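As structure tokens, here come the structures.
Same chain, two partners: subunit A is paired with subunit B first, then with subunit C.
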Partner chain A sequence: MNTLLAIRDLHVRYPLKTGLSALAGNRPSFVDVVHGVSLDINRGETVAIVGESGSGKTTLAMAVCGLAPVFRGEVRFDGRQLERERNNRLNPDRKRVALMFQDPVGSLSPRMTVRKILAEPFRIHRTGSSSPEQEARRLLSLVGLSEDFGDRYPHQLSGGQARRVGVARALALEPDLLIADEPTAGLDVSIQGEVLNLMSRLQQQMGLGIMIITHNLNVVRHIADRMAIMYLGRFVEQGDAQKIFSRPRHPYTEALLSANPSTDPDAGSGRIELSGEVPSLLRRPAGCEFNTRCPRAGDRCRVSFPGLAGDFGDQAYHCHFPLD
Partner chain B sequence: MSATAGTVYRIFAGLKKDPLGMAGFVLVSLIVFLAVFAAWLAPYDPLEVDVYNRLASPSFAHWLGTDQLGRDILSRVLYGGQVALRVSLLAISISMAVGLVLGMLAGFGPRWLDRVLVVAFDTVRSFPTIMFALAVVALTGPSLNTVIGVIIVTSIPVYARVVRTQTLALRERDFILAERAMGASTFRILRHHVLPNIIAPLFILASMDVPAVVGMEAGLSFLGLGVSPPTPSWGSILNDGYSYLRNSPWPIIAGGLPLIAVTLGFTFFGESLRDIFDPRLRRKDQ
Partner chain C sequence: MSQPVLKIRDLSVSYQTEAGPLQALRDVTFAVPAGKIIGIVGESGCGKSTLISTIIRLIAPNARIGKGSILFKGDDLLRMTSAEMRALRGDEISMVFQDPMTSLNPVRPIGRQMADVQHRDALSRREKNARSESMLGRVGIPDPAAQLTRYPHQLSGGMRQRVAIAMALMAEPSLLIADEPTTALDATLEVQIIHRLQELQRDFGCSILFISHHLGVIAELCDEVVVMYAGEVVESGPMRDVFLEPRHPYTRKLLECDPARIAEPTRDLPVIEGSLPNLVQLPDGCIFRERCPKTIERCGLQRPRLAGDGHQASCHLLDTAE
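Presenting the complex of A and B:
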């Protein structure tokens, strides 16, 4: 397999207090938003990261792009360690990873026309076979927008149009890896489909690896080859998407999958209700983080964190009492 | 270019709906016009002494009367407007430019730099302006440049603070993060993405700052810390008038009215601009 991105034991830690106040009080002075994540993404493959709000999905994406402080662990791209500093135009790997933000309009500079926005990547990296404006025109047609859109400002675009511009900008420098944070959020179902089809089409054309972050399981079922389920900054289960859908091993995965409304009216709800709230990241439960809400939790779960079971390349999970 | 034309169009469309703002705009244009063309409009040389005609009341010969040396007050007011506008233009543009740079550095740079700059801004602002001006004049002697210098130093923190706040608000926005993710340099982000989004409120602030600066110049000149004597300034006209208030009220009236006009004009105009560019800030009672 041709591994494009390899994340090993990644921790992202944000300081909560600085200076002398860090010594006082009993509140922790940092918070680990991503807590030991390992993941491989291969060329041409789509990997979905699924989880509730606040589970650290977006922070993981930011960390891969160098926008979040990596505390421990490493991110390797094509076998080379990615530079940790943020603005490094000279690092050729920087432009091979592209990030699409959650808010389609908010991630476009509000006082720039679409044409200027699309020319930005070429101006920053001083590349492109023709002038940045011509490249911008090419990108517009690539994502199926007519040339008139070049003169519009972001607030004059609909959500779907802005999303297309976002896709175009992300693909401008022909990256090898596209990280898409909730690419379908806030879009009509029909537009969602269009955007996803656009991404898959471009993936086939350009051989992209895609990391897609979502809590929409239908999207995952539609496009993901593999998936990872995130809870409190950890992957509780990861592996082949179809296998996980048909046979989840971790109780959290099962509950999450059961919460997805089925299109089959005869299927019945079968929904597993989890008790309790998601624990605060400031007070990470001892042992397995999920033990406070897990229907299967036993004494062991409150003491030790379960090691990785199963096969990392196929279907792997962290659970003392996995489902059959 | 078309964006500039659009902005101008938007301002006029907004002013049409806001009579007070329009009045402010007309007043501002009038003041600027009178000051710029003072040399052609003034009926007399503002320095020409006429001792037989001291402290005259308004007449057809002297529309606003004459002062204690028989100088034509209307001419002095017109030339004084030149001084006032030159001071505000110079002082505001320089303090705005420096404040812009320092504010963006504080808002976008590392945290220690932010702290150092904020302490510096607060230190400067904590001096009473008049005391500061007195100290500087004691060292350098009164002159128009001293006035401009004092105003610049005391205004930089005002602009820098506004810019810093706006930059801080922008720095975690997605479109800035998107630029960083693409590898854009800090300079590029500040120049092309932060600056265009903070510049409009800054001009509104500058417009509302003109009365304060004009008032400061007049105040310092009134105290004898500004322009040196024969040169006309609204402040020195007021000071002359103050000494001869029992003989004639006209110098005080003539020196005070333009100050009021500048204050009203620029404030109305500035408030109207603010409403046009940011309707969310509109006063609740409207």
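Presenting the complex of A and C:
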């Protein structure tokens, strides 16, 4: 079995403050940000999570890394079930699971130099045969930064340089699973290529499993083996990336893929514009959660939630009226 | 043609570092015509954020502005007092920062912060909230009324970006400067934000200076493009000209690296070999020389100047071709 990460029916629930304004609006006292997600990531495989901004992608990543509360469901890493600790947080082995945060500058401590930041994991975990400083130097060159960047503080870096330091730190301990939240946002296309090529190379060398969260569909098309499309806390479709790109079955997937802005000034758009109300987590629509904006929605969609159709290992989706 | 809203000429900025002054911008010259949307693209670390922080004068303590001028509606911003600059920001010039937390206060609810930016308007608290709500709706935030009571950390990355955009739009500025405002937005929302910006531009005739690494967004949104490399403008001109007939070798390379243009999926994406030159010890000649596939002898000796009419580029090959 080479399943590295197995997520089953995961729910993340946050309590809501019930202030006066909240009471007036008759709001619930909690919000389910991740609402029943199942996903497998194999060794040596890249799985991309795409989807609407605010749909719960970062929260899913944080939950797997023990940084967000798990309300229901289970996560297995390398065959072993992760226990729920205090505050309902999971407790993964931090040497084997690395997380790259979405916010590059905010996730680097402002009072440490880049060299210190990169040497830190080696000090804590005492691994590697060379000194932490040597390791820091090696990591810098790995992400294409010259040695003098070691003396800088995070605020003295450009946005893309800070992102690269984040990449280097995540790869420091040669994890088995890398969870990368928007790893190439803010990078120019050349450095983006370098970072992605680096991730692919390490994947080949070490069998690294990668979960990449990104809005960049061009990136997904090139590097993902499988992909999952998230909408309002659920995966509306998931499966083989090539298959989904060439033949999306869920109407949201189709709309999302069609929106990708093109660099060819003469390209016709062929874009599917979504109208209708963007649903709120606080008031999940009944039935299919996409029905408020779906161009194909019928009566059934407003009352019953569509079960999983298709093949979970290949291409599966939740929709009453899937595309052909 | 109408008078440009912003006209930058020969601007040079450096950062003091232990190794010596790091020359982040050198002789940057371009203009933002009234009612136009100008995109800036370029390598990470080429000075885009430095440029706009200099325009609005929110610069790092170790930054030094050398020579040059920044004319905004005819007045040189570099000669204004800090008080004058403060008055201009948030009124005539609004800004969306690369990191949305730069403009958001972590310990204040979103609604309060959005009311704060309306301090000049004689509206009641309720009216201000209504305006904030409608603006949040326009940038695609679900359930805007409920969001007003939330704190920034309770929002997703893309929601924070949209709140920052909504706040900048509320000021109805004559110049909007946006530094990678859509990195955390999915494609559908990105398109929606592009439409909002175009609307703003149409309705109020404002000008927009837009920085992005997403070449597709630039192609869709902008009238003109400025391409920067290692602190210099290497090419500028109408968007179509630059994208369809790039003149500078860097621009060509950049466009070739765009994964959107590569049809067959690959794990070996093209990159521009080499790295940015050391900005503390600048090489002689052309700044792109070490990575350029087409150098001639002059490239190592002499710095090329921006040349051309409308569509400009700084490359020695262009002189020899003519």
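FYI, the second predicted complex is superposed on the first by the 295 of 324 C-alpha atoms of A that agree within 3 Å, B and C clash if a C-alpha of one lies under 4 Å from a C-alpha of the other, contacts with A are read in each partner's own complex, and residues count from 1 in each chain.
Rule of thumb we're sticking to: contacts are C-beta pairs under 8 Å (C-beta built on N, C-alpha and C of every residue); 3 or more make two chains touch, one makes a residue touch a chain.
Owing to the predicted nature of the structure, the values given are computational and were not obtained by experimental measurement.
Participant: With subunit A superposed, do subunit B and subunit C clash or fit?
Facilitator: fit
Participant: For A:V236, using the defined touch cut-off, is the partner it touches subunit B, subunit C, both, or neither? Pick first, second, both or neither.
Facilitator: Once the two structures are laid over each other on A, A:V236 reaches no partner at all.
Participant: Identify the partner contact of A:R94: answer first if only subunit B is touched, second if only subunit C is, both if each is, neither if none is.
Facilitator: first
Participant: Is A:L142 touching anything from subunit B or subunit C once the two structures are fitted on A? First, second, both or neither.
Facilitator: A:L142 contacts neither subunit B nor subunit C.
Participant: Subunit B or subunit C: which reaches more residues on subunit A?
Facilitator: Result: the larger residue contact count on subunit A belongs to C.
Participant: If you stack the two complexes on chain A, which partner ends up touching A:A68: first (subunit B), second (subunit C), both, or neither?
Facilitator: neither
Participant: Determine, under the contact definition given at the top, whether A:A228 touches first (subunit B), second (subunit C), both, or neither.
Facilitator: A:A228 contacts neither subunit B nor subunit C.
Participant: Is A:L10 touching the first partner subunit B, the second partner subunit C, both, or neither of them?
Facilitator: Neither subunit B nor subunit C is touched by A:L10.
Participant: Taking the superposition as given, does A:E120 touch the first partner, subunit B, the second, subunit C, both, or neither?
Facilitator: After superposing on A, A:E120 lies in contact with subunit B but is clear of subunit C.
Participant: With both complexes superposed on chain A, which partner does A:Q156 reach: first (subunit B), second (subunit C), both or neither?
Facilitator: Only subunit C; A:Q156 stays clear of subunit B.
Participant: Quick one: is A:S109 in contact with subunit B, with subunit C, with both, or with neither? Answer first, second, both or neither.
Facilitator: first
Participant: Determine the nearest approach in Å between the Cα atoms of subunit B and those of subunit C after overlaying the two structures.
Facilitator: Nearest C-alpha atoms of the two chains are 6 Å apart.
Participant: Kindly list the residues of subunit A that each of subunit B and subunit C touches, one partner per complex.
Facilitator: The overlap between the subunit B and subunit C interfaces on subunit A comprises residues 102-103, 106.
Participant: What does subunit C use to touch subunit A in their complex?
Facilitator: Where subunit C meets subunit A, its residues are 15, 17-19, 41-45, 48-49, 60, 62, 98-99, 101, 140-143, 145-146, 149, 154-159, 162, 180, 183-191, 194, 213-220, 239-240, 243-244, 253-255, 257-262, 265-272, 275, 278.
Participant: Quick one: which bits of subunit B touch subunit A in the complex? Just the residue numbers, please.
Facilitator: Contacts found on subunit B: 111, 173-175, 177-186, 188, 192-193, 196-197.
Participant: Which part of subunit A faces subunit B closely enough to touch in the complex?
Facilitator: 18, 62, 65-67, 86-89, 91, 94-95, 98-99, 101-103, 106-112, 120-121, 124-125, 169, 173
Participant: Within the complex, which stretch of subunit A touches subunit C?
Facilitator: 14, 17, 19, 21-22, 25, 27, 50-54, 58-59, 102-103, 105-106, 144, 146, 148, 151, 155-156, 158-161, 163-164, 182, 185-194, 196-197, 200, 215-219, 221-223, 242, 255-257, 259-265, 271, 274, 277-283
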